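This report refers to the structure that appears directly beneath it.
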Amino acid sequence: MGAKKITGIALLVVFVVAVQIATQLTGTSYYLTQLTMTMYSCLLIIGLCLVMGYAGQVSLGHAGFFAIGGYTSASLTTTNLLPALEGGSSWVSMLNSMGLLTAGSSMFGEPLLTVHPWLACLLAITITALIAFLVGIPVLKLKGHYLAMATLGFGIIIFRIVLAMEFFGEADGISDVPGFTLLPGLTVNGDIDNRVVNYYIAAAVLVTGFVLLLNLIDSRVGRALRAIHGAEDAADSMGINTARYKLYTFVISAVFAAVAGVLLTHYTGGISPSDAGVMKSVRYVAIVAIGGMASLWGALTMGGILNFLSLRGFFGSYDDAVFGTILIIIMLFAPEGVLRLTLWSKFKRQKKEKGS
Amino acid sequence: MSLELFSQYIFAGITYGIIYAIVAIGFNIIYNTTGIINFAQGEFVMLGGMSAITLNYYLPLPLAIIGAVLFTMLIGALIEIVFIRWLKNPSVLRLIIITIGLSIIIREIALHVWGDTVRALPYFTGNVVSSVTILGAPISPQVLWVLAVCSCIVILLSLFFKFTPLGKEMQACASNRLAATLCGINAKNMVTFSFMLSAAIGAVAGCVVSPITSSEYDMGTGLAIKGFTVAVLGGLGNSLAAVAAGLLLGIIEAFSIAIGFPLAFQDAISISILLVILFVRPHGLFGNKEAASLKEF
Amino acid sequence: MTLLKVDGLNKHFGGLHAVNSVSFDVKKGDIKAVIGPNGAGKTTLFNLICGGLDADSGAVEFDSQPILGLKPYQIAATGISRTFQNIKMFPGMTALENVMVGLHTKSRAGFWAAMLHLPSTRTEEKTIRARAYALLELLEIAQFADVEASSLAFGQQRAIEFARALASDPTLLLLDEPAAGLNIYETAEVARLITKIQQQGITVLLVEHDMSLVMDISDEIVVLSCGQHIAEGTPSEIQHNEEVIQIYLGE
């Protein structure tokens, strides 16, 4: 790992801790809730950045993967299996004897028997990865407009499915999703007492994901991806199996989205069809574009700032309009992202020319 | 299924189908001159319907519709002049994102101007209960309006491209932009014009269909997806094939409801068709594979 | 010994018979050139061999193995490397990184190993970095190792492209108009580099428009015109072939 990368990560960790301490000192620890949610969104965004910026494939369906993860976990951990157990279902009793089910009680004190969150989480990730793999095989053969429309179409289908199926709570979505105890003492849930812990859980997950991706792009695989993006036929002739690389990248980013979906759902205690909506997908794409497409740091920074402002209600009822406007302005004037504004790169180029 | 029911479904299918075809033709016009898929195409339909409804408070219906079409054309021209015209060799991804951004902004502005209430233009002739009987089925006169107006659009457009100088110039730009420019055609103006034309026919479709389907601020995305499905089904850029593909999709949708397919999944049908077509025959049902492979997607 | 055998290759584009029953052999260790006027079918032939286009009929054998119908990346794995007419540097990558991409088939780190930055990945990364640098040195451009490749002069980019193509240790190197876009000095330089590559024991098949380059360095030449095989022989034979002279004068 390069020294620059280690310094960057170290600064990031310091920043995360500093923010927490600052909120503690100023008595604004209620910010931590939105910060935690922001970090889970960022997890999805850096995954999308890998697909869009490095492999060069646009995906307008990433909210779909978020929803598959979140809804799978939410429905499994809220569906009461007690009636099925009493009804003599051998499946349920087998799972129960293996310790994969967990007992609890509903808001009204009724006994509940649900799938253990860990099992639900693993299933959610596996299902998402599988769907991404199966969808990715044909979809990633497409290019440009066709790829955009196909991924958009995939997102809409997922949206329609969760909206139309009773199992997924139709328009209301799923609420009362229980907490997710990762380890004893570390529970992902929305309890106010648990706010600081959850902030650090989210930060740990995000930083881990971020480091994994940084490693990835700075490797043989990352070079292959950048080569595909830059000149696909040349990459092909270097012996790079472009189809497989695109597919694996797509699956990895879907898994990032699914993990974000699972954890955010357990944190907020619910998920609704709007989380699967097209606008969400467009927003993620917008943030990656604003961050500069091929820049994980840019995606992380912009994802952090914009999601947080949006969650704080900073944009009021103009939320979507703000994202649309930013998107257009960036694409018109700074297609390389705000962090690499044209002026700045011109300045750098001049400096380089003088130096050489 | 009785003949009456059958022809009712057929008419419903044709009505929706021809609207999809009109949206698809809107995609094709812009695609042919620029190679851009305008993701804001559905918003033109919405703008046409909504602005006609507003104008109809003050003006008689025909004038309101004309006003709405002109207004939408103006928006179309503005979009091209402000956002597209001056970009030098923009990448496909950049254009996709710009038109998506535009569709969001148009939708959000519409939400703030008109709110989220569902509105509708009055029936052009007759009213909700009046009907004509065709093949034993009671058909609303508005359906006939839709069919007549949309058929007129298709015929006029093909005449326009075949016989008028402007139409020919646009065709020239479509087939070879550089050569057209060298022949003294102002290719940039042709692009602006294609946006206006596409906006205009979208707006007309938005007006005629409004009494049947109603208009609301967020109707655009759904229509755009279906229009795109139809455009791809027919082969991008081929407008006559789009009509056939539109009718096909409309009828498939109508009968999927007839056989008891849940209404909530209606959108999923057209998207699934889109995905299957993209995977299996990306050059469309009627397109030519060799010709399609030469295009830049 | 024959390394590459092209046998009765055909390709139509609509009504155009771009490559018409073309056959020839490339001997191991040779520099063989395919020349011909514009539209002779040189680039089509080239793309058929590299897997960029599907042939209508015919066969291509490399090292006695049929390679027609394989995907480009699979052909690359058999030991054939290629360059592009319009030099395709990977944008945003340094010269060294470009060559490291060329070493793709010579390294193994997968997604998991790369994400976890395993020790094996680190060692491998060091090895291919050193190997890439050695290749840049061979082609005399090591001083540009850390410069963004696409910002260099065409001649230097061409040399990087050669290094990148050599990275996979090919037995056969296919060059698509290596002198395209170069001035006469750069062309002479490229000719020298191609001979240097031959001295490494690598067989070279090049498609070229520039006669002077071809005559200087080739061991054998194939002449194509309108998709057909017109003549084949040593440079001096070709220079005295009436039919060839006719074609080039008639151009």
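Order as written gives the chain letters A, B and C; numbering starts at 1 within each chain.
Basically, contacts are C-beta pairs under 8 Å (C-beta built on N, C-alpha and C of every residue); 3 or more make two chains touch, one makes a residue touch a chain.
If you're wondering where the values come from, they're calculated on a predicted model, not measured in any experiment.
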Measuring centre to centre, with centres taken as mean CA positions, what chain is farthest from chain B?
-> C
Judged by C-alpha centres, the chain sitting nearest the middle of the protein is A
Computed distance of Cα centres, chain C from chain B, in Å | 48
Quick one: report the Å distance separating chain A from chain C, using the average Cα coordinate of each chain.
-> 43
In whole angstrom, how far does the Cα centroid of chain A sit from the Cα centroid of chain B?
-> 34
Residue numbers on chain A that touch chain C, as the complex places them = 1, 212-213, 215-216, 219-224, 226-227, 230-231, 233-242, 248, 252, 294
Parts of chain C lying in touch with chain A, wherever the complex brings them together | 50, 52, 71-73, 75-77, 81-82, 84, 88-93, 97, 100-102, 104-105, 107-111, 114-117, 121, 124-125, 128, 164, 167-168
State the interface residues of chain B toward chain A in the complex, per the touch definition above.
-> 37, 39, 83, 87, 90-94, 96-98, 100-105, 107-109, 112, 221, 225, 228, 232, 262, 264-265, 267-268, 271-272, 274-275, 278-279, 282, 296-297
In their complex, what parts of chain A are in touch with chain B?
-> 58, 60, 138-139, 141-146, 148-150, 152-154, 156-157, 160-161, 163-164, 278-279, 282, 285-286, 289, 317-318, 320-321, 323-325, 327-328, 331-332, 335
